[in-house]
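Order of writing sets the labels: A, B, C and D. Residues in every chain begin at 1.
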Amino acid sequence: MSGEPVIKTEDLSVEFQVGNGSVKALHDINVSIYDGEVLCLLGESGSGKSVFGNSILRLHPDNALVKGKIFFNGQEITALSDKEFLPLRGAQLAWVPQSAASSLNPLKSIGKQVDEVYRLHVENDKKKARENTIDLFRLLGLPRLPELADDYPHELSGGMKQRVLVAMGTSAFPKFIVVDEPTKGLDAVRKREVIKRIGHMQKTHKSTMLLITHDVAVAESLANDIGVMYAGEIVEYGSKDEVLNSPKHPYTRGLINALPQNGFHAIKGFSPSASDMPTGCKFNPRCPECTQECIDGHPKLIISESEKHVARCYHA
Amino acid sequence: MKKRRITKKIIKRVILFFIAMFVLSVVVFFLARLAPGDPLQAFYGEALDTMDESQIEAARQRLGLDDNLFVQYFKWLGGALHGDFGLSLKYKMKVQNVVNPLIGNTLGLGITAYCVVFALAIVLATVAALHEDDWLDKIICKVGTATYYIPSFWLGVVLVLIFSVNLGWFPSSGAYDVGKQGDIGNRIQHMILPLIVMIASHFWYYAYMIRNKLLDEFRKDYVLLAKAKGLTRRQIVWKHCLRNVAPTIVSIMAIAIPHVISGTVVVEAVFGYPGIGNLAVESAKYHDYNMLMMTVLLTGAFVFIASFVAQTVNEEIDPRMKVTKEIRW
Amino acid sequence: MLEFKNVTKQYRSGMFGTHLTKAVDDVSFCVGENERLGLLGESGCGKSTIAQLAMKLLKPSKGSIEYNGKNIKHMSRSEMKNYRKNVQIIFQNPQQVFNPRMKFRETISEPVRIYNLASSPEEEKKIISEHMEMFGLPEELFDRYPQEISGGQAQRIAIMRILMLKPEIIIADEPTTMLDVSVQAQILELLKEVMDKNNITLIFVSHDLDVVRAMCKRIMVIKDGQVVEQGSVDDIFDRPENEYTRMLVDSLKE
Amino acid sequence: MKKGIKSRFFSRRRSLFTIGIICSVIIAFFTIIGPFIWNADPTATDYANQCLPPSGEHWFGTDNNGRDVFTRVISGAHLSIGVALAVVGIGAAIGITVGIVAGFAGGAVDTILMRIVEIMLSFPGIIFALAVLGTLGNGTEHQIIALAAVRWAHYARLVRIETISVMNSEYLPASRAIGNSKLRIVFRYILPNIIGRVIVIATLSIGPVILAGASLSYLGLGAQIPSPEWGLMINGGKEYIRQAPWITVAPGIAAVFTAFSFNLLGEGIGDLIDPRLKEKAEVD
């Protein structure tokens, strides 16, 4: 928690125009991520966590409307024009996508695709780029080096492709990396492998990272702070130990109890779809401690110097 | 290992080629023979009425039309293997002597048109895809679709009306003026109008297909990642998308060969441009079987060779050797 | 009830089919009444192939699969229909399992129609609405298309459809991997309840050790198409003999 | 690629379809009702007023045999569109059956059928039509056979690709597992999922087939003189191009208009059914 945050957002909200109406995917997100730390956004599908990741790197399709401010090292990047923003993307801000299987160019060898980032942003020297790529692959524990670099994506397993993408994200030594669902679709053994490698990578490069996942185990092993997201809002924010060990918000408690090792106590009902959002606190239809107050008012989330661990709930 | 794999494939292709040619010749041969209408009519024309029964019988015998079909076919096949494709009933001389001088014209017209059509198609498709849904893309689409729907024979007639009849810039028919056989300039002049018609009626069909394939490519996830890597829109298209669409373009070019040849046939007929196509039309009109056989086999051979070459090239470009997946049943 | 006898499934691949990959290699096991068998293994170890072989969606290359003593390969049409009724499968990604052009009204009534479980349309409506309440699914789902509903709801509909047939065996092929944690808990709770109430035998395929431990009594650990270890839940988790199983279990404990 | 990803779901979705409908209505009006209003006999020669320019009485002027070009174009429409619809109908029917059988059965059946289709496709359509017409003789019936003999292969190939994509989908093994019979799967699962695309492709191919038919007639192999077929009229008007260009221009415009409106109709249907459906049908 030292000095100027690498990434700071003020009342960030994102809407998508669909047909004549618009769908609120994300609203008033206030978050700051400090140098060398990992903020983990924990939430289920449809909670808008990926939307937040994409808005930092401006990867939204153009029917998206981004309101609010995002600061990168103190500079407001939301004010930049596309041209001014371009040099940042890939060099300073990196992104590791969620669907590893389809995010690699099927007709290009994985080595060339990772070299491309280095040659674009660091130095356009083939040999140095390939050396850097091989080092990263070794750091991420990929087998059969250096021949593997000439393989094509369809020759690799899911876990290996995921690690190639992590290597691609970090090959230009960016200041800030968004890692979106690194363990989705991987089985237990490979999941552990990817988590270990990402942690090791983050420590050696001291990179600042936004980690997006629905898996509590990933958050537990990699995150410094955790923001629990539900229906487009952050409902709880605090350090990893506080949020996981003494959760304040009923949804976080529900999430943790639903884990297999905690006995599968499910949260009843379904997460609301973006079109028919409940009024008041978004969780009230499914919340065991719901009172009239929750239905009428919409609880706020205020993060201050004094109060680090906060929840968006009247009964927190 | 790679070299052995390619040669093995080529051998397989060559065998397939001969089988296809054999099947083609059988089909066309029997189609011709079984049809109504009397070939002698074409050979002798009016003279046939004056000949009495025995003379007609002798003529039929001389032309070998009397023995049963199978014998006729094998006699024809025997001759064909030595390069003798039988007599053209209309021109009253060996079929291949009629064909040989004309092959050059058709190939010249067809190949130039083919190259220009694809060059234009790829360029237009990329430009249209890059500016998807803005004014440039819309204009290209509208103009392209319009040219595609103008019938080539009608366009030919209109161009002849404007350029050769009124303005007199280009000759309206034939491959060269009498006596100027060798003069390349003259030949090109004769090819201009047919080429314009060929290109105008074909380029959009392929440009549209390539444009759609490019647009599909833009929607793929790796394009979003490339954007996140900091590549500009142009770089993404040059370095990634065009490269990935290449195999599809090659397969489109393979399918295009029969289309372009069909186009040549019509254009040759419209401009009276002496080539294989024109010959095919005449032989169909006057039931000149041997000539019909020759033209059909020639186009067939050309098409099969070209598509096999395209297929081999395509398999080499696309590294993902597709493993056949058992359909779950 | 259902028995695998040294079943092998191999695929030809490579340029001229010279290269053989064995997805399932000489697997034998049997499942009795009201049993809870777990198939545990990393992705790509062939556990899903076993599930599809049992459902006769794939033909075994060697060995045979028998249901109540009768080889499913040589079953007559009527025997096969009965087999289909009694042995059902829940697939992995719920949204793609339904016909995208068919509204749920028809998809749900399909099993009733195929096995004509209802003599009259009213009875059919009664059965369907009964099941809809039991699974907490709203009526307005009838006019929805598969793409328009969430994964959790789709999986509920899939299980409901199967339950209408009152099968003897349900094969669950990683039913919750694609779902979020909270939704996964709901589906597993629902599955458990359904199993106990109708004492249906379960073959649960998964790579997630916690889920298997919660759902099954007996576990088979599979590596590269072979059964490396078999035993009750406690034997596998507390006293794994095979070192591969030990590695799997340890990675869970950390 | 910001633009590439923008969903084109709502751009002029309705308008393409409506324009297509309007044009088809106009064509239908002329082809069906037209002959009753302008019931002058299209083939009756009237040497008195040869090559009259377009006027109040003769909208499109008269041709070298004094026949009113406008009436001929209308009755020609009847012929051309009739031939095209017949060809597309027959071609699609055969194509769909072959496509589904090949895709559904797979294995040896699939390879044999596809080899035949490949040979048919790799052959220039016009040459094949010439061979057929050259042997069977000219006339519209043979023209339909000649064109349909090539079209079915296009449809078969496209239908097979669609069927295969349905066969490899997740919901097919599920439909099998729930106990559907093979027949029910074909009609309840495969057909509904491919019929949309097939209709679009068939409509989109009507235009090119009209032009193909006209070019055959132009070459003198399709409809015979004196029938009012557009291709034939254009060929007939060629000699008089200088003094009476309208003889050739009128049928040409009619052909372009008809083909283009079927194209709009096809794209309109495509937009309604599935916005991504922009692939054009093959043409011979």
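Just so it is clear, contacts are C-beta pairs under 8 Å (C-beta built on N, C-alpha and C of every residue); 3 or more make two chains touch, one makes a residue touch a chain.
The structure presented is a predicted model; accordingly, all values stated were derived computationally and were not measured.
Engineer: Which chains share more C-beta contacts than any other pair?
Structural biologist: Top-ranked chain pair by contacting C-beta pairs: B-D.
Engineer: Quick one: which chain's Cα centre is the longest way from chain D's?
Structural biologist: A
Engineer: What chain sits nearest the middle when you go by CA atom centres?
Structural biologist: Of all chains shown, the one whose C-alpha centroid lies nearest the global centroid is D.
Engineer: I'd like the Å distance between the centres of chain A and chain C, where a centre is the mean of that chain's Cα atoms.
Structural biologist: About 33 Å separates the centre of chain A from that of chain C.
Engineer: In angstrom, rounded to a whole number, how far apart do the mean CA points of chain A and chain B lie?
Structural biologist: 55
Engineer: Rounded to a whole Å, what is the gap between the Cα centroids of chain A and chain D?
Structural biologist: 52
Engineer: Please work out the Cα centroid separation of chain B and chain D, and write it as a whole number of Å.
Structural biologist: That gives a centre separation of 21 Å.
Engineer: Show the residues in chain D shared as contacts by 2 or more other chains, in ascending order.
Structural biologist: In chain D, 3, 5-6, 173, 176 touch at least two other chains.
Engineer: Among the residues of chain C, which ones contact at least 2 other chains?
Structural biologist: 52, 57
Engineer: Two or more other chains in contact with one residue: find those residues in chain B.
Structural biologist: As it turns out, chain B has residues touching two or more other chains at 224, 227, 328-329.
Engineer: Which chain C residues qualify as touching chain D in the complex?
Structural biologist: 52, 55, 57, 81, 84-85, 88-89, 91, 93, 96-102, 110-111, 114-115, 161
Engineer: Which bits of chain A are touching chain B when the two form their complex?
Structural biologist: Listed in rising order, the residues are 57, 59, 86-91, 94-95, 97, 99, 102-108, 116-117, 120-121, 152, 154, 165, 168.
Engineer: Going by the contact rule set out above, which residues of chain A touch chain C in the complex?
Structural biologist: 44-46, 157-158, 185-190, 192, 214-216, 254-255, 258-261, 263-268, 270-271, 273
Engineer: Write out the stretch or stretches of chain B touching chain D in their complex.
Structural biologist: 20, 23-24, 28, 31-32, 34-37, 129, 131-134, 145-146, 149-154, 157-158, 160-161, 165, 205, 208-209, 212, 215, 218-219, 223-224, 227, 233, 236, 255, 257-259, 261-262, 265-266, 269-270, 280-281, 283-285, 287, 292, 295-296, 299-300, 303-304, 307, 325, 327-329
Engineer: Quick one: in the complex, what on chain D touches chain C?
Structural biologist: Per the touch definition, chain D meets chain C at residues 169-171, 173-180, 184, 188-189, 192-193.
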